[in-house]
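Below, chain A partners chain B and then partners chain C, in two separate complexes.
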Partner chain A sequence: MEIIEKIKKYKLTVEQTEIQKICLHKLQSSPLPNPKSELWRLSNKSKFSNFLDFSLNEKDLEFDTPYPNTSQSIIRLVIGENCQTKLIEEDYSIQQLSEEELDKYIKEQISYFDQNENWSNLLNLSLSCKKNILGLKIKGSKIPPIEIFSHASSKSLSAKTLVIFLEKNCNLELLQVNLGKQKSSLSQSTFFFLEENSSLNHGVVSYGKNGSNLLNSLNVIQKSNSAYNLGSLHFKFNYARFEINIKQSEGNAKTNIKSMQITKNDEQISTYTKIDFNGPNGFLDQINKSLADDKSHAIFEGSIIVPKIAQKTDASQLSRNLLLSDLAQIDTKPQLEIIADDVKCKHGATISQLNEEELFYMRTRGITLAEASKLQLSSYFQEIISFIPVSKDRWDLLDKLLNEN
Partner chain B sequence: MGVSFVKVYKANCNELFLDNMVNENLVKDVVKEPYKYGFITDIETEKIAKGLNEDIIRLISEKKEEPKYLLDFRLKAFKKWQKMEEPDWAGLGYKKIDYQDIIYYSAPKQKEKISSLEEVDPKLLETFDKLGIPLTEQKKLTNVAVDAVFDSVSIATTFREELAEHGVIFCSISEAVKNHSDLIEKYLGTVVPASDNYFAALNSAVFSDGSFVYIPKGVTCPMDLSSYFRINSGDSGQFERTLIIAEESSSVSYLEGCTAPMFDTNTLHAAVVELIALDDASIKYSTVQNWYAGDEAGVGGIFNFVTKRGKCLGKRSKISWSQVETGSAITWKYPSCLLLGEESVGEFYSVALTNNLQKADTGTKMIHIGPKTKSTIVSKGISAGNSINSYRGLVKMGTKAAGSRNYSQCDSMLIGDQASANTFPYIKSQQPNSEIEHEASTCRISEDQLFYLQSRGIEFEEAVSMMVSGFCRDVFNQLPMEFAAEADKLLALKLEGSVG
Partner chain C sequence: MQSKMKESDPILQVENLFASTDNLPILKGVSLTVYPGEIHAIMGRNGCGKSTLSKIIAGHPSYNITNGDLKFLGQNINSLEPEERAQSGIFLGFQYPIEIPGVSNLEFLRVSTNARRKFLNQEELDTFDFEELVKEKLELVKMDQAFLSRSVNQGFSGGEKKRNEILQMALLEPKIAILDETDSGLDIDALRIVASGIKKISNSRTGIILITHYQRLLDEIEPNFVHVMADGQIIKTGGSDLALELEKKGYEWTDNFVKET
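This part shows the complex of A and B:
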């Protein structure tokens, strides 16, 4: 209940939008997620309460965005900063959604929300003020890649919301970067709506600092013949949750997900995915990789739901996990719920450590153990990193993962 | 066997090449076979009043002339049960059970002590004969010792003398309480504690009978042991308890079968099975479960809420569960292995078939505690009609389970587009030096394969059976020879024809 009191108190000073009121009202009936539910059962309670523990007033608004944008061909947006975005070129247009459009869409989404499943979204939308909601409508082709940043601000809990409509026949590369600050919490909710024949290559890089927390929720609705490719990476967060909800609303769509989480020290990072096939001929190829070291805890739960209408669905889900320390733990639960009978669905899960034979081979060739492990890890990471758009040329993600603690 | 099917088949075969849909309908028809064991034996039974309270528990204990420690065990469990809440996490959505509307003790009336089988009520013998269970020892060819449990009590155990020669104890648990009290006191409730879960607590409070097996050190049980459970009265629950202890370097294969008559009410079956394997011992526990599943509209049927767990206490011990689940309105069971001993092995092989409105939520738990432990899980689910068939399993590697391995495979087959197949594997590892592999897939009876088999002159019925049999082969191979025939028969009842 505390969090609600806090939001209410804070909102007395700031103007409250209608959406915030609706979400706050919904939150009141279940102020905190049910810790017994499958989605929250493994969440570390003290870490989660630490997430909520920060003040809602954003203190410092100065960001040190890494990798200054030197390239002219990349559009960079920072949520909370760019209030007006309008780019109309010959081949494409990127326009801010009007308030009415945004309101209508978000309200529609809220009406489908389940208190437990969408708790993160409810919290986000009841915290997000107008300034921190970025809504875009994108049309056309030959669109330059876009980078969108969400910053946490230190010693506070901030919320950022991103809504993107991709019009018909539109192709886009988008990198979303969530940056944590020391001792901060960031709630990020993202809503994508992919029209027919559109395709989105989406990258999510969530990069924390010591003691930063993240609640990241990604919601995608795909119309028929759309393609959605996601490459994501979460690391260096004290506590992070990445929730992916994808709905192929008419079937006939393609989804590819390659996600990875890396936990060290006593961090806890979890990924929850729910893929809903609501029509025939859907396709999914998903791989989640986790690496847990020291005393950390990595969690993956993925569900694939194939109702009767979703005949000829082809879905596969793979969870691959590396457990590198005696004190670390990994939980993984890929799950299938199938009613349609003419489908190809499979899933797999493995948990192990680095391959000893390969390590031994490399050592016999004069490579030190440390280097050999790095080599193995880099091949493990590379599959995911190379799937993250925009970043692969400029962002030295692999270096960061291998060399930073 | 197969009379009704043949009719269906003949009615349909002319249309086979006319309408593609027929194929699907035929598959559905194949899985619609009436329950054969639904008869009721008209026998005088002794029942106690409905309801559950401390006095009832005292009464059950008194009727069974139990020692005080067992009564205390029951009362303690009852107190715990009262504080527990009925679980609903599996989302099975059944009507709430009224625990005060159940008779907790029901026994066929017969002479107090039975010294030989001739004294058993012929009606009872006839019942088991109808079920195909050889109680008369003339049928020695089968070489399976049987303990038959009718409602709440064990009525007969065969081949006892021969087993006794080898030092094997095989009797009803009530008898074991009287004659081998030390073993019962030492082991009862050590694998499934009374407070383990709601239904285990209920069972611990009111368990009526069940089987007890003790295999002494170094003995390989000379024959397969089997218990056969029969629920006869509609208003009594069945709460049996099985305890199997395999001493060092011993081995045993145990088979369990169950049927019930057709009633339009739901009957509760909440059993507890505990297995203990010491150093180098091995226990193979096979079940063919065919409780009445309710009718097509989902009326009646058994609620099968069972707790089965084995403890591999000793080094290199092995516990293997194999099960064929075809009956029950709702099946809710997870035969598990606690792998404590170094290099101990746990296995789980399962075929679960659901039809009409049946719900099966079954799987296993493999808890790796000791080092170098190994487990294998093979689960095959077949769902037809409007049924729900879920695999739910847990594989856990504890911090000390270095060098342990697990391999799991869950396959589902869907027949028709109304049935649902779910897979919920929970995997947890706290030991880097261990390996876990899990894979699952879903398929259906493929038209191409059916067409191919039919084009080779194999009849439709046989073709379906062949494919189902092929799908389940990994599990059937694990069933003991003596039991495979019965398993085949039971699966064939639902899938008709010559499965296997």
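This part shows the complex of A and C:
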């Protein structure tokens, strides 16, 4: 019950919203994730406990890491800072959801929550105050790319929530950046609802600092003929957990995912994905890459659910992993649950080290071992980075990964 | 490792070299000296140690020198890293050039060339200057510029990979090039292109070691010396006639020679 006590203590000063009360009530029946559950079994207990060690901060201190300059064509939003968002142009409109709309949507989502599967969302919604929930309704065409930031402040726990409705025939490029500060915890929950014929190119870059922690939960509902493309990158967290739940609610939708997590020192970063096909002719192409060095631990668990209704599903899930040290650990478990009998589904996992023959070849051309390793790693990273939309060049992701991490 | 040697001094000296991998002896006392302007051919059955010798000269970390010395421009290089050997002017043309997905050929060639130029105290080339240089060298091996934008050797045919090796040799301007079965997998036209490239790059200040099974490459590039290897040793050395003799007699006699000795 310790976590509940902590949350209650956090809330003494501020009146709880109805959603917070509902989530807190649900958490009371499972105050901590069940450690025996497959979804939490490998989670490092002491690191997870460290996530909850900080006191809740609803008021962000100014973030002293400067965001890279934005170009005029990009819309930039910071959760917790942009209280009013209303952009109506000739071709498109971006409007903030009303409190009623947000409440209704979130309550509906909560009603489907499973305590173990959605524990991170329950925690997020029990902590996230109104100011830190950004809800947007986007429609139209020729929408400029959007960057949305969430960040944690040092020595505190921050909870941010993002809800986006993408209306029919709408195409959007969105980069979500989660920045961790030294010794901080960030709980980020994101909910997307993609209407028919809409398409979202979504990038998630989660970039921590020493001792920062992240619980990042992404929930996507896709209507028919929608396309959802995700490129994601998580690195430099003491403890990070990325949960992806995608539901193709009517089938006939496309999902592409290219995700990567990089761990060093004694970090633990995990990615859990659940792709649920709830109609026929669904498509999924997913690759998850993990790279683990030093004494770190990377985890990937992916499940693809294909019930009887999801005939003609075409799904592929691949887990590719690089183990760079004898003491590093990678756990990977891509899995399929197929009931439908007319589907094309495949999955696979590989774990390897840097290719020694490639390294030797480069060294015989005068390239040092360190440079050769960087070249190999950059090619490994490039596949994912090139899939992350919006301002990936300005963020110098490759440079960060090769030289800072 | 800068040379203060005279032009008539040997480029490479392999002195009674013994080497092993996983405690398995592969080279059992190889001696070979290459002077500037010389072309040496090493022939022998599969598994006789030819490719191993080339990898050991280039510094492959899987092989251990258990006895003997490798000297390049008069200095012992036994303990030098592969990149130090390459930067100082040793080039190994691979029998099976390695594919490196995701690494652009152009960038790979530029980084390699600049590593060698830095060693030679020459100015490093930026992308624009390097493109000029590489275009000129592409002519030597009749390669299209399109190869530069592709990943290193990925999706290249066997002949294209070998031409890419010679392109690298042309850019790095090594003091000595060891070409391991550069002729394997080439059709007659490609063989001529590769051979012509090698001839244009070599000069009176460089040395070349050709490792091959066949006379056909030696028809294009006439060696000064032909060495026959068997069981990790050079068992016979002669002129270009020796290669013709091998073509007629095959390698069976080398087995008998090893048994007798």
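In the analysis below, the second predicted complex is superposed on the first by the 394 of 405 C-alpha atoms of A that agree within 3 Å, B and C clash if a C-alpha of one lies under 4 Å from a C-alpha of the other, contacts with A are read in each partner's own complex, and residues count from 1 in each chain.
Heads up, the rule we're going with is that contacts are C-beta pairs under 8 Å (C-beta built on N, C-alpha and C of every residue); 3 or more make two chains touch, one makes a residue touch a chain.
All values reported here derive from a predicted model rather than from experimental measurement.
K.L.:
Does chain B (first) or chain C (second) touch A:Q376, or do both, or does neither?
P.N.:
Only chain C; A:Q376 stays clear of chain B.
K.L.:
On the A-aligned overlay, A:G366 touches which partner chain: chain B = first, chain C = second, or both, or neither?
P.N.:
In the superposed model, A:G366 contacts chain C only, not chain B.
K.L.:
Looking at A:E358, would you say it contacts chain B, chain C, both, or neither? Reply first, second, both or neither.
P.N.:
second
K.L.:
Tell me which touches more residues of chain A here: chain C or chain B.
P.N.:
Partner with more touched residues of chain A: B.
K.L.:
Touch test for A:I88: chain B only (first), chain C only (second), both, or neither?
P.N.:
Touch status of A:I88: no partner.
K.L.:
Given the touch rule stated above, what does A:Q329 touch, chain B (first), chain C (second), both, or neither?
P.N.:
first
K.L.:
Once the complexes are superposed, what residues of chain A are shared between the chain B interface and the chain C interface?
P.N.:
Common interface on chain A, chain B vs chain C: nothing in common.
K.L.:
Please name which positions on chain A make contact with chain B in the complex.
P.N.:
308, 311, 321, 323-353
K.L.:
In their shared complex, at which residues does chain C touch chain A?
P.N.:
Residue list for chain C touching chain A: 58-62, 81-83, 85-87, 91-92, 94, 97-98, 100-103, 107-108, 111-112, 115-116, 119, 151, 168, 172.
K.L.:
Which of the residues in chain B come into contact with chain A in the complex?
P.N.:
It comes out as residues 397, 399, 412, 414-444.
K.L.:
Along chain A, where are the residues that touch chain C in the complex?
P.N.:
Those residues of chain A that touch chain C are 356-358, 360-369, 371-372, 375-376, 378-380, 382-383.
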